[in-house]
Amino acid sequence: MTAQVPATTITAVTPEGPVGAAAPAKRRRLRFVANPKAATGLFILGFFCLIAIIGPWIAPFDPSARSSDLIQAPSGKHWFGTTHLGQDIFSQVLVGTRGVMFVGLLAGIIATALSVLIGVSSGFLGGAADEGLSALSNVFLVIPALPLIIIVASTIPSAGDLMVALVIGLTSWAWGARVLRAQTLSLRRRDYVEAARATGESTWRIITVEILPNLTAIIASGFVGTVIFAVMSEITLAFIGISTISEWNWGTILFWAQSQQALAQGAWWWFVPAGLAIAILGTALSLINFGIDEFVSPRLRSSGHTRVRTKDGHTVRMRVGFTPVLQQNGKNDPVTPVVRKSTDEAKGAA
Amino acid sequence: ACSNGDGNKNTANSASTATVLNVGMPNGPQTENHNPFLGSSSGASLGYRWMIYEPLVMVNGIKPAEKGKPWLATEWAWADNFTKLSLTIRDGVKFSDGSPMTAEDVAYSFQLRKDHEGLNSDAIPYGTITASGNKVDLTFTKSQFTNQNKVLTVFVVPKAQWSTFKDPSLDTVKNPIGTGPYKLKSFTPQTTTLEVRDSYWQDLPKVKELRYTSYNDNNAQTTALANGSAEWSFVFIPNYKAVYVDKDAANHKLWFPANLGIHGLWINTTKKPFDNPALRRAMDKVINRDDIFMQGEAGYFYPKVESVTGIPTPAGESFIAPEFKDKKHAVDVDGAKAELAAAGFKLEGDTLKDPTGKPVTITLTDPAGWSDYITDLEIIKDNLSTIGIKATVDKANQDAWFKAIDEGNFDAAMHWTNGGATPYDIYQNIMDGKILKPVGKGGVSGNYGRFNSPEATKALDEYANAKDESARTAALNTLQKIMVEQMPVIATSASNVGGQYSVKNWVGWPDEQNQYAPAQPTQQNALQIVLNLKPAGA
Amino acid sequence: MKAPVLEIKNFNVDYGLGDQAVQAVRDVTLTLHRGEVLGLAGESGSGKSTLAYGITRLLPPPGVISGGSVIYHPPGDQPYDVMALTNAELRAFRWAETSIVFQGAMNSLNPVHKVSTQMLDVIRAHEPQLSQQARLARAHEMLKLVGISSDRMDAYPHQLSGGMRQRVMIGMALVLEPQVVIMDEPTTALDVVMQRQILAQLVELRERLDFSVLFITHDLSLLVEFSDRIAIMYGGRIVEEARSADLYKDSLHPYSEGLLKSFPALRGPRRELSGIPGSPPDLRGMPTGCSFHPRCPHAFDRCSTEIPVLGVPEARNDPDRSVACWLPGRVPVA
Amino acid sequence: MTATETAKATTADVVLEAENLTKHFPVRRGLRDLFTTERKAVHAVDDIQLTLRRGRVTALVGESGSGKSTVARLLAQLYSRTSGDIRLHGESVTVHGGRKFRAYCRQVQMIFQDPFASLNPVHTVRYHLTRALKIHGRAGKNAAELEENLNSLLLRVQLTPPERYLDKFPHELSGGQRQRVSIARALGADPEALLADEPVSMLDVSIRLGVLNLLRDLKERLDLAILYITHDIASARYFADETMVMYAGRMVEGGDSETVTQQPAHPYTRLLIESAPDPDRLDRVGDATGVGRGGNPTDAPADEAGGEPPSLITPPTGCRFHPRCVHAMPKCSTELPPRFELPVIGGTGDEGHWAACWLYEEGAAK
Amino acid sequence: MKFLLQRIAFYLFTAWAAITINFFIPRLIPGDPVTSLINKFQGQMSTDAINSLYVLFGLDKNASMWSQYLDYWGQIFHGDLGLSFTFFPTPVSEILRQSLPWTIALVGITTFASFMIGTSLGVLAGWRRGSWLDGLLPVTTFLSSIPYFWLGLLAITLLAGTDSFFPSSGGYDPGLVPSWDGAFIGSAIKHSLLPAITILISSVSGWILSMRNMMVTVASEDYITVAHAKGLPERRVMVSYAARNALLPNVSGFALSLGFIVGGTLLVEIVFSYPGIGYNLFQAVGSKDYPLMQGVFLVITMSVLIANLVADVAYLLLDPRTRKEG
């Protein structure tokens, strides 16, 4: 993550903070990890990355090896049970992680790079270039992604993970590009961009150094979104038997489970682990996304404390419009809390 | 009859009063198209075209060599080495619009195929077609011995209706009129309903209403079979015992007899070292058909091919040459090793080296989505490793795979062969030198393994055009010998014409004991089955 | 002496909780009298806005009121503590008793509703018994008072100029005839012509409706001219409070003095501008003692150890003045 | 601060000059005007004459939305002008980007109106200043030299000690500090002309004074030509050598600061001066008596205050102020008043006092 | 005028480009409808049939790609989308007419419901940040991260079955004829429940999240504080001030998702055997049925474009700032 500083792109400028109160960049980076949601997400993602790397080595069996244990429920020997050919599902899940992570991340990188390239240049350059590029992204937006991926994937002979990642990456950048273009358009008119221009910066530098860092949040969440989409697409492709991957991945497992009607056979163990793995990976990525949002947007960042305890022991929620009172002073004052007017409506809303 | 949804439930619950038969196929939503000639029609896809249109002769799909049962034709005679056919048309048959069926209609039905190449799906070389009285005479430009059943099972359409169509091959025949016992009641993309006619040239069937429901995929179809909402279907069910039979063991039955078509591992005979028949024979010896049958084909779907000739039994029993009569496939690793050693292959550790010293490796390829073939390949891969051949299974993209097979760019692949009335179709598809094209050139309609044997080509030609039965037998025996010795395709399974059915409401289905017809609802014999059904418990 | 309408006592506001807390307003005690304009000035970041939001309990998170009371005196009724109100009571109290005009009028108006809708909203919430006609009439009247013609009633905020929006907000603030109007830099973004127009109108309305105003601004000249009394804030505390003329002519706190010596006069002879050396204090690491002492030219030992108390200075025993300073003569009378 | 009655003024060392500068912004069109062919535009700036001289500060005052910032941006070549001419050292320049733009930037730098918006929140002070130095080739040969240059830059704007500020992000600085960073950045280019757009609007008086003193000091030490845009007329009086007044996109009055603020001639200027808060004034706003004091024109602001600022899309014909002017004559609504020279009473500027008002037409009002 | 022309030109261009791509993509796929058909039958159809099928499908004539492209445009202008190969010779337009209503009814209604429910929950979650509703977010995130088909299959296994209320497949009971009578509509609704619920579960969290975040952002706007200061009833502030403004960015998202209804239903329809257009596309891809693919794509393209147009207009109506002054 390259985010160092909250990009105040979405929010207004923060009020002049007390000097010295603001943490240096390093501490802020830690704060990202300190966000429990982001930390959980990062942890899970890290775990999956680890499995992606070492999965094939730690897998207890060759995932394709047949054995005589046909359709066995989970046991000490086969933690996730076996398939109709006696293959070990636990090993399949472990080995399959690599393909999923590879495709997800690579497709995410490709799509993000494209969306940044096209979105930002079209937003910044304006004029004919903008017209052309936004027409291009609109065309890609209009073409439905999943069917397109299915078609393209079935066009390419014996495509491996790399191809699938390329196809997904190349077809799913348009939405990101559109969002980035809109944001760039608004950034382009910001004073600090004009100021950089007035200082004499070159266009190229303005785009890469002045504008891009302020798009970090959008780019990062776009990346996370694309990774989720890519993983889902890859698995869907494998599931409906379109993609050509010879390697194991979670979708392949589900494909086999489905074609062997695992659920109807009562072989839930064949179906459940891969699906759960996908859901957990997706959740992890979404959690990171939350983290990014809250990390870069000062408004969301203050969400750490939402409840406060008053001195007399009540818990009050911090919210806009009704500042909590921690301690009521002036107990000595002979004050009777009489309300002059208390309309029905106000009562009703309480 | 009942037109609301409850009708289905009522019949299911009270067996003795069953009037409806629910047929299902896993073919997705249909569009209304009752044109019986078109394989893309809903009638063909669900199989109900056979309930409306009837053939001249009813040929038993599992016993193609037997003489067919007279149907709309009462008699037929071939002449001049199967280039002439004369048919005698049954009297008293009426179309569902009440008009009588005549020889004119029969002749017209042939003429249609002749005039419209698109409708002549069997590429029958029709000559002259003449009708007189109750006779129809046909000539052909070539011997039709191998095609005889295809000619005889042609169905008959009413000339009066069809001659009004602008282009019969582009008409969806919204109002189908045929001689069969059923007429169309309603069509929806999901369900087509047929109801029985008031009169029929035979006894009216007991099934008053036929509902053909199209499910989106095998899973949905299986579920429907398992819960009884479909009573007859043809679908691949993995672990069928648990998933289907055990759900209602007393009633849920299936029967999958073989017909004369096979599935097997096609080997590219131009690739070294697989151009060596010894290697192919050795491979054949180690491939475990039982595993393929039990695990790949779920123990029932494509029946095992037992004969070494690759001819499915019992359908092709009578064709098998005496020398191969009792020769059956059996795993024989030692035999395979011996064969290899004799041919100069060396087994070093667990790696087989060819005579030039190169390790033998092979890529087995099939489309990713074809789970049964892929399973077969996984098994074969394992089997081959016992003789030191390192196999990899490549789950290819479907279209790429077709192209590779068509152009001969593959090592080995599970693939099927054509089927027909005799084993000729199988062998022709595998070995015919006339359709041989070099590797890299596509558009072939068989011989994907580029098997080049002038001997086989000659034998095939002789079989198709032989003037007498003994010449035919001789030719077929030659072909069997070539198959066993050269093994261009390692046959593993037979094609099937089976089906799943429930005896809860209806009995009288064909089975192992009563093999009067194949059990598949989309074959023309389905009509015979329906005519044979009786309410259970009645 | 006039009757108080709003008494702020020992008021404290924190941003954040626990260790993270920044004390933005410390121990502020201030009284707003009926019918007066009380000006509030001070350095940027000295806590003026925080105080204004705090007494109406409108501070956004992470602001919390960590102590003090705000006693409101309704005319002819028992006074009560705003800090002790429940949310429903607070809702009823707001706008009917105390209304507030924020700095950015554009941001104060809901961009998707017509001006009239937003006006009527308030009346309906507080006086539901009124008929629609009566509400409309009231809204009309109020907008006319602030000089917005009735054909602009159905305009959306973005269709109005900055000055008009500001006037709409002032009109809205007065529509329920509250006792107190709080204004936080209502004219900063406007040019002087517009500013004068708006203030003139406000003064005129005050004559008629007799409300009190708490007026926050940086513009000292404006305050001197416009308000009855002025309070000066520094580092979260009130450091001086006096009648405007007194403060202008004779300020007691060194910080007020520095402020007055910093602004150039438009008219009259040019005068020496000296400014205040040093930089504003850090709220997290407030200087000990008087928070102004590091910048104060007159600071002595006591300033860096003891926090001065706001009180009536010895030298000028005038109940209308108070200052928080240890300098001789300015120490509060005991 | 005392009035800078500088002698240099007479040398007339012109750095930047604008002649007949005009800028019209096309109006974004709504659905309703889809079918009209006429093109609407905001007449943000019309026909501006402006001269910036070495070592002198020119103040630009006027109502909000009168086009002051637009003038500054035009001069900085950030907007392309609709018509007119900008001359740098007597040479007409039109640059959009590239090397020529860089060369121009080096001589003419701008300080943006909003200190909160004009520093990129993701970059440190060090980055902002280093870039300014590097682009203009003043970064020095090595890291040490660069560091030295950075320090001297910060010292110049009195951000001491420099190392405390170098690695701060903009949001960690107060408004005054940010404003000074912006100034330092502008100075990094070592310009000859500085366009300062309301550099102090958001600051409290004490910080405001600091920034102004700094600019004045720079002007004197570096012989800068400064354009000072402000709403605070009093600060213009103290800080600027000459003052120009804009109304609705046009210049209405100009001259020596002291003269313009003490003896405003144009009715709008008078209104402006009259409206400015004045603590010494006895008649507080509240007392609404509306009578001016000694010496000053006694135009009651109350009379004029009723008017609204004009639409810039369809500006009034003739003098743009005439709908609000108490002295309006028939001529005012039809003919555009040219500049009329006025007798200089107290000021010393070589640029005489002038006003664009028919009142001062030879033999009219006098 | 120029603006309008530009807009029209933009839509026309996009439509042209998308339709052109829709034309070429299917043709780039190796294989042709005939071999696909033969292969589909895996031996049950003889290779002899190849020739007759080419003739039947009219593929024996060797027209150049360019002339086919021109013909294609000619056909589109006549509203003729050609004949489907899979369902030969049924016109593509008829297939679409038959399946489109199902898709629109099921997915359209659920998308709408999902948007409404998600937005309302998001409004509450954003408004009461820190309340129990916030705790629900990770749960909904988890639910929405589950692959759709997986959830659907699980739902079928667990909830549908012989004795269950939920049918496991199809759009209506077999034996019923589509008509506007109670039995059919009831059955159709019953069949749509399970797919609808699964779609809802997996899509609602997206709306909750985006609405919540917008609410949080909007809640710190000054006008919300002012609304509180005005003492308005809580509900009024929440709905008419906060939600009304927070909704704006979601509107274009919603319009776009309406456009994706048609394209995004493939898996729903596969899993639940639902007779919609997505399944048609799946079939068409499998059998190289270009005309049908093009037809489906045309529908998708048009719906996305129309949705874009709707979004433009909706924005114009909802946000007074984009309306012209006066």
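By letter and in written order, the chains are A, B, C, D and E; residue numbering begins at 1 in each of them.
Rule of thumb we're sticking to: a residue touches a chain if its C-beta (ideal position, glycine included) is under 8 Å from a C-beta of that chain, and two chains touch if they have at least 3 such contacts.
Owing to the predicted nature of the structure, the values given are computational and were not obtained by experimental measurement.
Visitor: What is the set of chains touching both subunit D and subunit E?
Guide: Output, common partners of subunit D and subunit E: A, C.
Visitor: Among all chains, whose Cα centre is located farthest from the one for subunit D?
Guide: Greatest centre separation from subunit D goes to chain B.
Visitor: Determine which of the two chain pairs, A-D or A-C, is joined by the larger number of C-beta pairs in contact.
Guide: Spelling it out, more C-beta pairs touch across A-C than across the other pair.
Visitor: Need the CA-centroid distance for the pair subunit C / subunit E, whole Å please.
Guide: 55
Visitor: Just curious, how far off is subunit E from subunit A if you go by their C-alpha centres, in Å?
Guide: Chain centroid spacing, subunit A to subunit E, equals 23 Å.
Visitor: Which whole number of Å gives the spacing of the CA centres of subunit C and subunit D?
Guide: Here the centre of subunit D sits 31 Å away from the centre of subunit C.
Visitor: Please tell me the distance, in whole Å, between the geometric centres of subunit B and subunit C computed from their C-alpha atoms.
Guide: 92
Visitor: What parts of subunit E, by residue number, touch at least two of the other chains?
Guide: Within subunit E, the residues that touch at least two other chains are 29-30, 153, 156, 220, 225, 227-229, 231, 233-234, 236, 270, 323, 325-326.
Visitor: Among the residues of subunit B, pick out those that touch two or more other chains and give their numbers.
Guide: 219, 223, 398-400, 403
Visitor: Where in subunit C do residues touch two or more of the other chains?
Guide: 44-45, 53, 58, 60, 87, 90-93, 96, 125-126, 279-280
Visitor: For subunit A, which residues count as touching subunit E in their complex?
Guide: Touching subunit E: residues 10-11, 37, 135, 138-139, 141-148, 150-152, 154-155, 157, 228, 232, 235-236, 239-240, 254, 258, 263-264, 271, 275, 278-283, 285-287, 293, 297, 299-300, 303, 306-307, 317-322, 345-346, 348-350 of subunit A.
Visitor: Which positions of subunit C touch subunit D when the two form their complex?
Guide: Touching subunit D: residues 37, 42-45, 147, 161-164, 188-197, 199-200, 203-204, 206, 218-222, 224-226, 248, 258-259, 262-268, 270, 272-273, 275-276, 279-280 of subunit C.
Visitor: Quick one: which bits of subunit B touch subunit A in the complex? Just the residue numbers, please.
Guide: So the residues of subunit B in touch with subunit A come to 218-219, 222-223, 226, 237-239, 242-243, 295, 367-371, 375, 378-379, 382, 392-400, 403-404.
Visitor: Taking the touch rule as given, give the residues of subunit E at its contact with subunit A in the complex, in rising order.
Guide: Listed in rising order, the residues of subunit E that touch subunit A are 10, 13-14, 17-18, 21-22, 25-26, 28-30, 128-131, 134, 138, 141-142, 144-147, 149-150, 153-154, 156-157, 213, 216-217, 219-220, 224-225, 227-229, 231, 233-237, 256, 260, 262-264, 266-267, 270, 281-282, 285, 293, 296-297, 300-301, 304-305, 308.
Visitor: Residues of subunit A touching subunit B in their complex?
Guide: The touching residues are 64, 66, 70-71, 84-85, 153-159, 238, 240-246, 255-256, 258-261, 264-266.
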